[in-house]
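One chain, chain A, links the two complexes that follow: it is found with chain B in the first and with chain C in the second.
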Partner chain A sequence: MKVEITTQKFNAGSMLLIKGDVDMNSSPDVRSSLDEVFKQGGAKALLINLSGVRYMDSSGIATLVEAMQNCMKQGMKLRLVELSPPVRDVFELARLSSIFEIFANVGDAQAGL
Partner chain B sequence: MAEDRRRKTDNTQNETGPVTLIVPSHPKYLYVVRSAIYPILTDAGFGRKDARRIILAVDEACSNIIKHAYEGDHTKTITLTITDAADRFTVRLRDYGRKADTAKIAPRDLSDIRPGGLGTLFIGAAFDAVTYDTNQEQGTLLTLEKKKQQVNV
Partner chain C sequence: MKNTNDIERLSQKVKRLHTLIEVNEVISSSLEIDTILENVMTISKKVMNADASSLMRIDEKTNELIYQVAQGSVGEKLKKVVRLKMGQGIAGTVAEDGKPLLLEDAYTHPKFFRGNDEQTGYRTKSMITVPLKVGNRVTGVAQVINRLDGKPFDQDDLELFISLSSMAAIALENAKMHMQILDKQRLVKDMEFARTVQESFLPQQAPDVKSYRFSAHYTPALEVGGDFYDFIYLDQNRTGIVIGDVSGKGVPAALYMAKLGSDMRTLAFTERVPADALMKLNDLLAGRSRRGMFATLLYIELDATTGIMTLSNAGHLPPIIKKADGSLVKLETAGGAPLGMLPGMKLFQEEAKLEPGDTVVLYTDGIVEAMNAKEELYGYERFEELLKKSGSGPGVLKDAIIADVNRFTGLSPQHDDMTLVCFGAAK
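Moving on, here comes the complex of A and B:
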C-alpha cells in the first residue's frame, strides 16, 4: 500500500497532504518529503494534513515527533490538520493530542500565521 | 439487523480457525497482515475501535519482529496464527530470528516525548495478555490474547 504525499506552498510556508497508510514501509517516504521542506527553510509554518490517512502506526507517530523537533530547531510552527478517525485514535492512545497543535480544517490552521 | 447480530453471537460460541498466515519479513507486507485480520475481527464481533487497536497491535508486533528479531533482514518469514474462540481472540506470532530480550521490553513513559518506543504500549493497550515464549530452539513465539465480552441479542 503506497502513501501519496503532495506538498503545497502557501504564503507562510508549506502544507503536506498525506493520503494512504503511514506504517513502517511508508514512513521513510513521509520523512523524505518533510526533509525536503526543512532543507528549503525560510518558512514560518508547516501544515500536515492527515485527513486522507487511513492508518498510522508508531513509525508514523515517530515521524511526526521528529517533524515537531525539526520545526522547533528552525523556529517554524507545526500544525496538524484534519486528523482522520484512525489517526485520532492513535493520538489518543499515545496521549499526543495536547503535544501537537491540531486544527479541524486548513482555514483554521492557516489563520494567524 | 437482528439476524446479523444473531449470526455474530453464534460465531462467538464456536471456535473459528485457526487461520494461519505466513508473510515475508518485509514491511511492505504489513498491509497484507492488516487486510487479512480485519474481516476476522469483524466476524468475531469486535467493534471498529477495538478492531483498529488490535490491528495496530499486531502490526506493531510484526514491525518489532522485522526490526529486532530479524534485524532488518527481509528474506525471513513471520507466521501468524489467529484463533477466534468463544471467550478469547488469540494471535500467535512466530519468528525464527534473534530471541526477544524480555528484560528490555517495556512501554515507554508517555511524558517522555521522543520518536519511537510506542509499539509495546499499543500492544499492551489492545490485548489483555502478552506472552513472549523464548523456549524455542530458534526465535520467539509471541502470544497476544484478548478476552471477548458476551454479545447479547
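Moving on, here comes the complex of A and C:
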C-alpha cells in the first residue's frame, strides 16, 4: 500500500499527516517529507499525525526516531498525534511512550506550543 | 525489360540484405559489448563504403556522448578527444532529437563542429548520423563519414544505416542487460557469503551448564538479517543470554547487529549488572546513531547455582516462562525503550527464579508475526496455545514451535527474521 503524506502549517510549525502503511518500502517517502520540514527550519514544533497509519514496522519507527533526533538538534518539539490502535500496540510493546510525546488529538498536541 | 540501372540497384539491395544477415550473426555470436560493436561498425564501414565510422554511447551519469567505437584513419584520435554534450555538434543534436540526419556536406550544417577536423587534420564531407534507440529512449548515436567513392551518401544509404544501427542498438542493450545480470549474480553470491559470515557470529554450540539445557533457532528473512542471539560464559556459575532485533532488514541491519553483538559481549563482562550493561550499550549506540536505527534487546544473566535470572529488557518482546506445571508466565516488567534512540536513557532490571522443569522462551517478532498465504498472522493466541499444549524442555519446545510456525506459514516467504531461544532447568 502506498503512503500519502501531506504537510500542513500551523502557527508553531508543521504537521505531517501520514496515510497508509509505514514500512521498509514507504518510510523513505516519509523521510524525504520530514527532510523538507527540517530544511525549512525555524519552527517550534513538528507534529506527526498517525491517525491514517494502520501498520508501522521497525523501519517506520526508525524514521520517527531520526525525526526526534533531528528535532532535538534543531531545538524543536516532536509530537506524535492520534496513534491508531494497532500502532499504539506496537508503541506499548516496545515501550516507546517513554521516548516520544504522544497526544490523543491535534488540539491537545498544539496546546501550549 | 529492365534497364541496367534497375539491375544494379537490385543487386545492391541483395548485397545489403546479406550484410544485415551478417550483422545479425555477429550480434548473436557474443555478449562482449566491445567485440560486438567493433564488429558491427567494421561491417557498417565496409558495406556503407565509408571512410570512417563511429558509435557513441550516452553516459547515463553525465548525460554526455562518449565514443565507444571509432574506426577509420582518425578513429584512435577521435576516441581520445571527444565527449559531447546533448545538443552539441551533429551527434549531440541527433541524440537530442532522436531523428536520423543525412548531410551531403557537413560544413553546411550550423551545428557541425569543425574543431575535431582542425585537431585531426581530417576533412569531413558527407555523413549519416543515426540515433540508437531502444523503444523511444536514445542510448547512443552511430555515424558514417565520407563515402570512399567521393559521392555523398544518399537515401538508400540512409535506410541501410538505419537498419544496421537498430541492430547495434539492440546489441548494446543486450550486452548491458547481460552485464546487469552478471552484477546481480555476483551480488547474490556476496549475500550468500555474508549470510555464512553472519551465522558464524551466532553461538556455534549451546552452553554447557550443569543441569540446564539451551536450544536456539535462527532463520533470516532476507539473505542477512537483524535478529541475533548469544550465550555468554561469564563464569562457572553465571551465563549471559541475549536476544535482540535490529530495526530494518538486510545489510544495514546485519552490520549494526555485528557491532552491537560484540559491544554487548564486552559490556556483559565489564558491567556489574544487566541494566548497567544495557544502559552503557544504549549510550554507545545512540552516540553513533544513523537514520534512527535502533535495536530491541533482552539480556538475562542466569545464576545456575540459585536458578535466579536477572533480566533487563530494552523494548524487546517479553519472555514467557512455561512453568513445570504447564502454566505460562509472561515477564512484562522491568526494562525500558529500545537501545540507540536516546542517550542517557534509564533501564531497569528484575529477578525471577527458575525452578526445575521451567522453560524460558525468548523470541523475536518474526515468530509471532509469521504470515501465511492468506496474509494472516501467526499471532500470540496461537503461540501461547501451542506453548501450553507442547511438551516441556527447551529442545522439545523449540522444535514444536518451529514446526507449528512452519506448518502455519507453508511455503509463504517470510518478511522478518525468526529467532527463538529456549532454556531451562532440568527436572
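Keep this in mind: the second predicted complex is superposed on the first by the 113 of 113 C-alpha atoms of A that agree within 3 Å, B and C clash if a C-alpha of one lies under 4 Å from a C-alpha of the other, contacts with A are read in each partner's own complex, and residues count from 1 in each chain.
To be clear about the criterion, a residue touches a chain if its C-beta (ideal position, glycine included) is under 8 Å from a C-beta of that chain, and two chains touch if they have at least 3 such contacts.
All values reported here derive from a predicted model rather than from experimental measurement.
J.: Which holds for A:Asn25: it touches chain B only (first), chain C only (second), both, or neither?
T.: After superposing on A, A:Asn25 lies in contact with chain B but is clear of chain C.
J.: For A:Tyr55, decide between first (touching chain B), second (touching chain C), both and neither.
T.: first
J.: In the overlay, answer first, second, both or neither for which of chain B and chain C A:Ser98 touches.
T.: It touches chain C, and chain B stays clear.
J.: For A:Ala111, decide between first (touching chain B), second (touching chain C), both and neither.
T.: Neither: A:Ala111 stays clear of chain B and chain C.
J.: Tell me which partner A:Val65 touches in the superposition: chain B (first), chain C (second), both or neither.
T.: It touches chain B and chain C both.
J.: Residue overlap on chain A between the chain B contact set and the chain C contact set?
T.: 24, 58-59, 61-63, 65-66, 69, 93-95, 99
J.: What does chain A use to touch chain C in their complex?
T.: Spelled out, the residues of chain A in touch with chain C are 24, 31, 58-59, 61-69, 93-96, 98-99.
J.: So in the complex, which bits of chain B are touching chain A?
T.: Those residues of chain B that touch chain A are 26-28, 30-31, 34, 49, 52-53, 55-56, 59-60, 63, 66-67, 110, 113-119, 121-122, 125.
J.: With touch defined as at the start, can you tell me which chain A residues reach chain B in the complex?
T.: Counting only chain A, the residues touching chain B are 1, 21, 23-25, 55, 57-59, 61-63, 65-66, 69, 86, 89-90, 93-95, 99.
J.: Per the contact definition, I'd like the list of chain C residues that touch chain A in the complex.
T.: Contact set of chain C toward chain A: 245-249, 289, 291-294, 296, 315, 317, 335-338, 340-342, 345.
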